[in-house]
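Dumping the structure here so I can ask a few things about it.
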Amino acid sequence: MIGKGAAVSDVRFLGVEKFYGDHLAVRGIDLTVQPGEFVTLLGPSGCGKTTCLRMVAGFVAPSRGRIIMGGRDITALPPYRRNTGMVFQSYALFPHKTVAENIAFGLQVRRLPRAEREQRIAEALRLVHLEQFADRYPAQLSGGQRQRVALARAIVIRPDVLLLDEPLAALDLKLREELQVEIKRVQSALKITTLFVTHDQGEALSMSDRVAVMQDGRIVQVDTPEALYERPNCRYVANFVGRTNLLDVMVREKLDGDLVRVESCSATKASFVAAGGPGFDAQPGDRCLLGARPEHFHLGGGRANAMQVKVRGVTYLGSIRYIDAEGPDGESVTVQAQPGEPLPTRGETVTVTWRPQACFLLKE
Amino acid sequence: MIRWLALRATLLVVFAFLLAPVIVVVVVSFNGGPILSFPPASFTTQWYALIKPAFFSALYVSLIVASCTALLSVAFGLPAALALSRGRFFGRDVLNSILLSPLVVPALVTGVALYQYSLSFWDLTHVALGGTLIGLIVGHLTFGIPFGIRAILAGHARFETALEEAALNLGATPLQTFWRVTVPILRPSIVAGAIFAFVMSLDDVPIALFMGGGDATTLPVQIFTTVEFDFGGDVMAVAALIVGASAVLMLLLDRLIGLEQLFGARQ
Amino acid sequence: MSATEIEPLEHPGRLRRRADPWLWVLLPTLAVFALIFAAPLADLIVLSFHQMSGPAQVGAAYTLANYQAFVTDPFYLEMLLRTCGLGLMVTFGCLVAGYPVAYYLARTPSRWRGLALFLVIAPLLVSAIVRNIGWFPLLSQSGAVNWVLLKLGFISAPLLLINNFTGVVIGLVHALLPFMILTLTTVIQRIEGDLEEAAANLGAGPLQTFWRVLLPLSLPGVVSGSLLVFAMAISAYTTPAILGGNRVLVMATYIAQQFRTVLNYPAGGTAAALLLLFAAVLTVLALQVRTAEERGP
């Protein structure tokens, strides 16, 4: 197995910052990727996620801070001495070399003896199911096949860390989903520490052990996919990861457990009970947001929280149907209809209810 | 309908015009009668046998000068092109224009300037540039290097720098990356630049006219001076042979370029 | 090492001004260039400010007399006029002959396009001197053209088509036509074919479509191609020398004459400097027009 005997390292960002002229592209990044962990940097274009990845690879030097890999400070090391394996967005396969020669490149540069080289190349090709394509040139391969060659080339050198820069961005949906599974399978089989960059939240949630959501050069929240989804810590994360309903509310009183009574800031001044979540420290009188995922809102029913909304329309996505509605103050409310549930008509006023545990409070 | 016919007719006339002198050269080289007259009086191959030895030595000179020009053009052109496309130094665009400027200077002007310069050079150092092979090569490098730079710059524009990053990432040092990745991928443009410099050097008259002389006479100059003073049938035969060689060269290049595409050169 | 023990590395936010290493890579080529091109040209320009002190000798005094002569002496003015005239006629000839071919190459879907393109480029691969030689059997008094015209009765005495100005024009049009065609083809290709169909749909005949749609839209390319061909026509030496029979005096042949036979180097240098100026300015203008056109409206 390729992974056996590979040094499995962690990666640590310590106070990393990057200036481009006067523009602060990356600020105050402190992040640790545990050995063998799959961490994704998630965010829109320009949020600094690729810059962070390239700093680990060594193509960008941090303006401040350090990068530690497996206990070694690699901040000043050039890229060819870091033993990271990178999969580029454009695959960057050498057009003048065959698939096998591409994969061999890193091994040749490390002067591995021929027998071992060939054995490792064969293993790598088997791992990505491309044994038949060893003698083809990149130009003769499809996008998905090139992707897999790029992956094989990166892992065959037994890197301490695997870096993936939006590798699936150029592929269509079906292929992307297939390859997400492939990459995850290879990664967990080899237990390589992996740092993955993407703007696709579905991809991030499905593949990662943890996700770091980034905005404007900062990490806004780092958590497991479940925690990010169920307990986002701010509006940005709540909106970036899945759909959320957000209502302006004011804290009224703290109840038992971490339940909090809040009052809606709309004209109705409706009262809700919501879960504060760990670290929620707002005091009575503070304004905050009450968030709930559409699948936790129900039509009718006698749950603790209730609200009247006017139906504007229905979005049909096949297995999922969203009811788009308007709250008392004109705010947007989305309810996910239960399978088989009859849909209300446009203009109808319905009652939406939800349990206190099914919503969360967050600061802006 | 009439528009297409008129267009077709015009096209035929223009294409005939473009090819006429080339075809005529070959046809007339077999003319037994006065060489400048038409139609040909009789058929003969005598002119080919009467080609003076001066033409053969001139061919030899041409080939040597062209080969050296081609090699030196890419040897100096490659680092320059890389520096111009990747460097971020002050005055980069200005230097780019300066290095490509010989292409807007008339070859005649370069020729007389170099001639003049070689005289001053002789006065200063007593080293002769004019009338030597070195002088010819130097003269041809004035356009060879810019052609080389331009060809490689064009190829580099399509170059994916991610490929070099990939090589570095896989452990290759910058020098290894240069030899194993950069040069092989740029090879088609380097070859194109060399071929261009080679062909331009073979064809040049003004610069070789002023920088050459005596033993350092290139084939076009030899033909030029012969036509000026002694226009006979053998010159026509030489010209016809050049047409034949060019045709072969064209076919060869066509085959080669076809092969280049296969070996993974992009698009 | 724990996180609290590590001091953050302080790099300044501004980039430090270090000499870019690539500059050193450029240096050898730059040095060679200065030595073999810049220095000779500078020398030539300096030469133009001197006067001849004897055959192949140059006096020591600086003077503007050479340049003055060019603007006052009728001999020079006539030569300048002749050079411009040559350029204009050649450019016009290339435009008229080249535009239809360019249109065909730009618009035709036919499989003969590749061959046609090859035929346009092929003459360029045969040395210029060879093509010039080929004109003699065609244009001489006993040559093909005169033979056909005499036989068909269009003329009664052979026309003088070579060893004169006419021959030079014909030869230069032939040499520069491929450049004009290639430039115009690129330009026309960029004009959507739909526009011509729209014009036809609205009632415009072929000539009107050309005049009102094609020509205005291809004008920048026409200008750029013309400037380029003009510059190349006035810079050419080999063709005017051979096809002009050493009788056609334009700037290029004058310069060569001064350096080869008359041995008045300063006079030749002045003419060369002027020719350089004209040709360079025109070529740069042509490229500016081309890049402006490529950038779009």
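Labels A, B and C are assigned to the chains in the order they are written; within every chain, residues are numbered from 1.
Throughout what follows, a contact is a pair of C-beta atoms (placed from the backbone, for glycine too) under 8 Å apart; a residue touches a chain by one contact, two chains touch by 3 or more.
Computed from a prediction, not measured in an experiment: that's the story for all the values here.
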item	value
Top chain pair, ranked by number of contacting C-beta pairs	B-C
Centroid-based (C-alpha) most distant chain relative to chain B	A
Centre distance in Å when chain A and chain C are each reduced to the mean of their C-alpha atoms	58
Inter-chain centre distance, chain A versus chain B - centres from mean C-alpha coordinates, in Å	56
Where chain B and chain C are represented by their mean Cα positions, the distance between them in whole Å	17
Partner chain A, residues of chain B touching it in the complex	160, 162-163, 165-174, 176, 180-181, 184-185, 187, 263-266
Chain C - residues contacting chain B, complex	19-20, 22-23, 25-26, 28-30, 32-33, 36-37, 39-41, 43-44, 47, 97-98, 100-101, 103-104, 116, 119-120, 122-123, 125-138, 140, 142-144, 147, 174, 177-178, 206, 231, 235-238, 241-242, 246, 252, 255-256, 259, 265, 268-269, 272-273, 275-276, 279-280, 283-284
Residues of chain A that touch chain B when the two form their complex	57-59, 78-81, 83-86, 88-90, 92-97, 105-106, 109-110, 137-139, 153-154, 157
For the chain B and chain C complex, residues of the former touching the latter	3, 7, 10-11, 14-15, 17-25, 28, 31, 34-39, 76-77, 79-80, 82-84, 86-89, 95, 98-99, 101-102, 104-110, 112-117, 120, 138-139, 141-142, 145, 149, 199, 202-203, 205-206, 209-210, 220, 223-224, 227-228, 231, 235-236, 239, 242-243, 246, 249-250
